[in-house]
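One structure is given here, and the rest of the page talks about it.
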Amino acid sequence: MENLLTTSELTVVEIQQILQDAQNFANGAEWKPNKQSFVANLFFEPSTRTKCSFEVAERKLGLEVIPFETTSSSVVKGETLYDTVRTLESIGVNAVVVRHKEDNYFNELVGKVNIPVINAGDGCGNHPTQSLLDLLTIKQEFNKFAGLKISIIGDIRHSRVARSNADALTRLGAEVVFSGPKEWFDENVLNDANYEDIDTAIETSDVVMLLRIQHERHGENDVEMTKEDYHKQYGLTVDREKRMKKSSIIMHPAPVNRDVEIADELVECERSRIFKQMQNGVYIRMSVLKRSLTTIEGGNLHVNDYKKWPIAY
Amino acid sequence: MENLLTTSELTVVEIQQILQDAQNFANGAEWKPNKQSFVANLFFEPSTRTKCSFEVAERKLGLEVIPFETTSSSVVKGETLYDTVRTLESIGVNAVVVRHKEDNYFNELVGKVNIPVINAGDGCGNHPTQSLLDLLTIKQEFNKFAGLKISIIGDIRHSRVARSNADALTRLGAEVVFSGPKEWFDENVLNDANYEDIDTAIETSDVVMLLRIQHERHGENDVEMTKEDYHKQYGLTVDREKRMKKSSIIMHPAPVNRDVEIADELVECERSRIFKQMQNGVYIRMSVLKRSLTTIEGGNLHVNDYKKWPIAY
Amino acid sequence: MENLLTTSELTVVEIQQILQDAQNFANGAEWKPNKQSFVANLFFEPSTRTKCSFEVAERKLGLEVIPFETTSSSVVKGETLYDTVRTLESIGVNAVVVRHKEDNYFNELVGKVNIPVINAGDGCGNHPTQSLLDLLTIKQEFNKFAGLKISIIGDIRHSRVARSNADALTRLGAEVVFSGPKEWFDENVLNDANYEDIDTAIETSDVVMLLRIQHERHGENDVEMTKEDYHKQYGLTVDREKRMKKSSIIMHPAPVNRDVEIADELVECERSRIFKQMQNGVYIRMSVLKRSLTTIEGGNLHVNDYKKWPIAY
C-alpha cells in the first residue's frame, strides 16, 4: 500500500521507476489489477485536467471509478475527511485520489486508513503527479537531467509544483533557477541566490517552465499589476521566445492565461510541450495508480512485473 | 472525423443513412469501436434527457464516458472552450458531446481541434440529434416524408429544433406549417406564408409537433400570458385532439409543461409518440456517435460495415 | 419487477431471503444480469455512504450506472419526478434508486412506471436498505433475532430507520426499547411503554443502536442542548460503554457526530460494528438490486438461482 503524497518523500530511484513505468505505458504497455478494483476521486477544489486525466488513467487500467461529488456528499453535513475515507474503505474502495485546499490534509489520513492515498494537490503545498509528468516530459526530450538548466518563472509562492519540482530536479542533477516578480517570492527562494532576471533565465535555459498566476489564491493585499504589465515584464513574449536556446522547450502546467504568462501564439508553437505534458499526465497517473494498487495485492507478482520491464536511468 | 453540428449541413443522403443506422440499432444491431474509446459530455446547460440519452447510447457502444462537471471544472477559472477541448483531446478523449448556451459555440472548435464535436444543443440555434430523432419517429410511423403535412406549434423563436426540423422535413419532401402566438415568431417565419391558425393546423396535419415554452429563455419584455390562456389559445386541448386526422400523431421534445402545450391526459394517449421519441433518441445518438468514431479510425472496416446494412429510402 | 419502498411491506420470509442473498454476496457469491442493464441513482439530498454504497454494489453486479445530477437536471426546469422516471425508463434504464426529501415520494411512481423503484431514503420516513443492513449486521453477530434486546437511542422523531427497524426487529422476534430525549419523541413511541432510561437501556441490551442527531432536520423551535450536554445525558460515553453487557455490540447509521452520540474513542472500539454496517450495506444493496432486476427479466432462471442458494432461517 504505497501512498503518493509529495515528491520529496520519493527517492531518486523511486522517481526513475515511476517515470520508466509511465514511459512503458506511453509505449503501449498494459497492466490491469487481477481482480475488480475500485477507486474514488475526491476533488474538493475545481479541476478539469487533473480530474479527467486521473479518470482516463483509471479507465485504461480497467478500474471502477466511484463518483464522489464533494458538494453533495456528507462533507456538507460536517463529516471529516478521515471518516469519509474510512467509509469509502469500508464499502470496498481500494484507493483514493484527493485534491484538497488545505496544505498537508493527508496527515489526517496517513497511518490511519488502510487504503493508499494519492495526492492530487494540497493547498499551496504539493502536486506530485504534476511534478512527475513535468519530469517525464523533460526526460523524453533530453533523456537526462544532469547538466540541464531549468528556469521556473512566475507565481512561485502560490505554486504547488515550483518547490517540489526544484527539489526533485536538483536531486536528479539539474540546475534550477527562479524568476518572476520578487514580491511574490519567499525569502527562502530569494536567499538561495538562484534568482535570475527574466531575460537571462529565458536565454540560457534548456527548459523554460512558466507557472500559472493563481488569481484565485491571491489575497487582497497582494501586489497586483495589469495583465499587460505582467506579460511585458515577466511573461514569455514573442520576442523573448526568439532569444531562447536552440532545442530548448517551453512548459506550463495549464490552464494557461493566454497573453499573460505566455503569448497566445506561443501556446502551441514548436517549442511548446504544454499539450504533451497533459498527455504524459495520463501515463504518470497510470504508473502511480499501478504502484499503489500493486502493493495492496501482496504484490510478488507485480513486483516481478516491474522487474520484467527494463529500467533505464 | 465527422462532426455533427447542424442538420442543415447534412445532405438528404446523410440524413437517411443516419436514420437507417439508428433503425438498425433499434432492431438490435450491435457495433463497438475496435479499441477502448473515450468520450466526454460537456453540458454547460441543465439537461436530463439529452445527457442521459447520450450516456446510455455511449454505454451501449461500449465507450468509456469521462465525467465532466462544468460547475467544478477549470471553466470556472476562465478557461476557454477551445482550451478545454484541446485538453480533453490531449488526455486521450476521442469525441466530445457539447451543449452550450451560446449560438454556434462550435465555430471556436471546428477545424482547430482534432476530435469530432457532436452538438447537443447551442443556444437558440441547433439541436441536431433532437431533429434526427424526430425524423426517425416520423419515418417509423409513415415510412415516408413526401406528402406528409407537419405542423410545428408554439415557441418557435426560442426553439432549437423548429427551424432545423422545418428545413430537413422540407428537403425530405414534407410540407411544414407553423402555428402559435404570432408575437413569438420571426418575421421570416411569418413572411414564409406558411403560418396557419391553430385549429386548421391541428385538424389537417399528419404530425402535430408541439414545442416546449422555454420560460427560461424568455426575456422580461416578452409578451406573457397565463398558462390557462396559452393552453386555451395555442395548446393541444382534449377537444382539439378529437378533431385530429385519423392516424395522425402527437410529438413534443419534452420536458412537457402539462396542461400548457398539451393537456395532461394526452401526454401518454394513443396518438402520443412523446416517450417513443425519447426511446429513439438513444438509437439516433448511437448512430451519430458511430458515424463520428468510425471515420476517426480510418474506417474502411466500418464504411464496409455501413454497406453491409441495407439502406432503404 | 419488485420495488423496495419500505421494510414494513416486506414479509418476514422476504426479509430473510434478502439477508441470505446478501450474506451469500458477502461470502463471495457472484451474480450478473444476463444482458447489459442500466440503473440510475437519483439523489435529491446529499449522501456519501448510501450513494457510493449503491454505486459499488451496482458495479459489482456489472450494471451500467447512468449519472444523474439532480442539480443540473430538468428537475430545475420544474419537471416532476414521474416525468423524470418515465424519461429514464424510455431511454432504457432498468431500475432507479431514489433518495428524496419528501415522505412517500414513491406514491407518485408506484403502479405508473414500469421499472422498479428502490427507495434510498424518503424524508423522515423510510430507509429500507439501511434497515436491512442493520438486520444483517445483527444476524451475523448473533445468528438469530428472537430473544435479543435492542435499544434504539436518540433522535427518533427525525430518524428514517428507528421506526422501520423497530417494526422489522419486533416481527423477527426481538425486543426493542427506545431511549433519548423525551422531547424528541412521538407520543406513539412514549405511549408504547417501551421507553427506557439511557443507563438501563445500555446496560441490558445486546445491541445498542445510536441514531445520528439530524441537525439539518431540526426546526427552529426544537429543544436544543449543547453537544456536551447531549453526550453526557444521552450519549454513549466511555463510562457507559464499560457497563454494557458482555458480547453486546454498538451500531450507528453514520455519519457519526463524534463526542455527541458516541465518544470519539469508541467509534472504532472492539464492540463497534459501525464500519461493518457500511460494508454490509454493499451486500444488502447487491441483494436488493438483484431482487429487482431478477423479476424484470421474467426470471425463471433467476428464481431458480435463488433456490440454488441454500436459505437458512
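Should a chain be cited, it is by its letter among A, B and C, assigned in written order, with residues numbered from 1 in that chain.
Here is the rule we use: a contact is a pair of C-beta atoms (placed from the backbone, for glycine too) under 8 Å apart; a residue touches a chain by one contact, two chains touch by 3 or more.
All figures in this text were calculated on a predicted structure; none of them were measured in a lab.
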**Study point:** Pairwise touch network: line, ring, star, complete, or other
**Key:** complete
Exercise for review: Give me the rotation angle that lays the C-alpha atoms of chain A onto its copy chain B, rounded to the nearest 5 degrees.
Suggested key: 120
Review point. Roughly how many whole angstrom separate the Cα centroids of chain A and chain C?
Key: 41
Study note, to complete from the structure: Residues of chain C that touch at least two other chains are 67, 69
Exercise for review: Going by the contact rule at the top, pick out the chain C residues touching chain A in the complex.
Suggested key: 43, 46-49, 52-53, 55-56, 59-60, 67, 69, 71, 215-216, 254-257, 275-276, 278-279, 281-282
Review point. Quick one: in the complex, what on chain A touches chain C?
Key: 36, 38, 40, 64, 66-69, 72-79, 83-84, 86-93
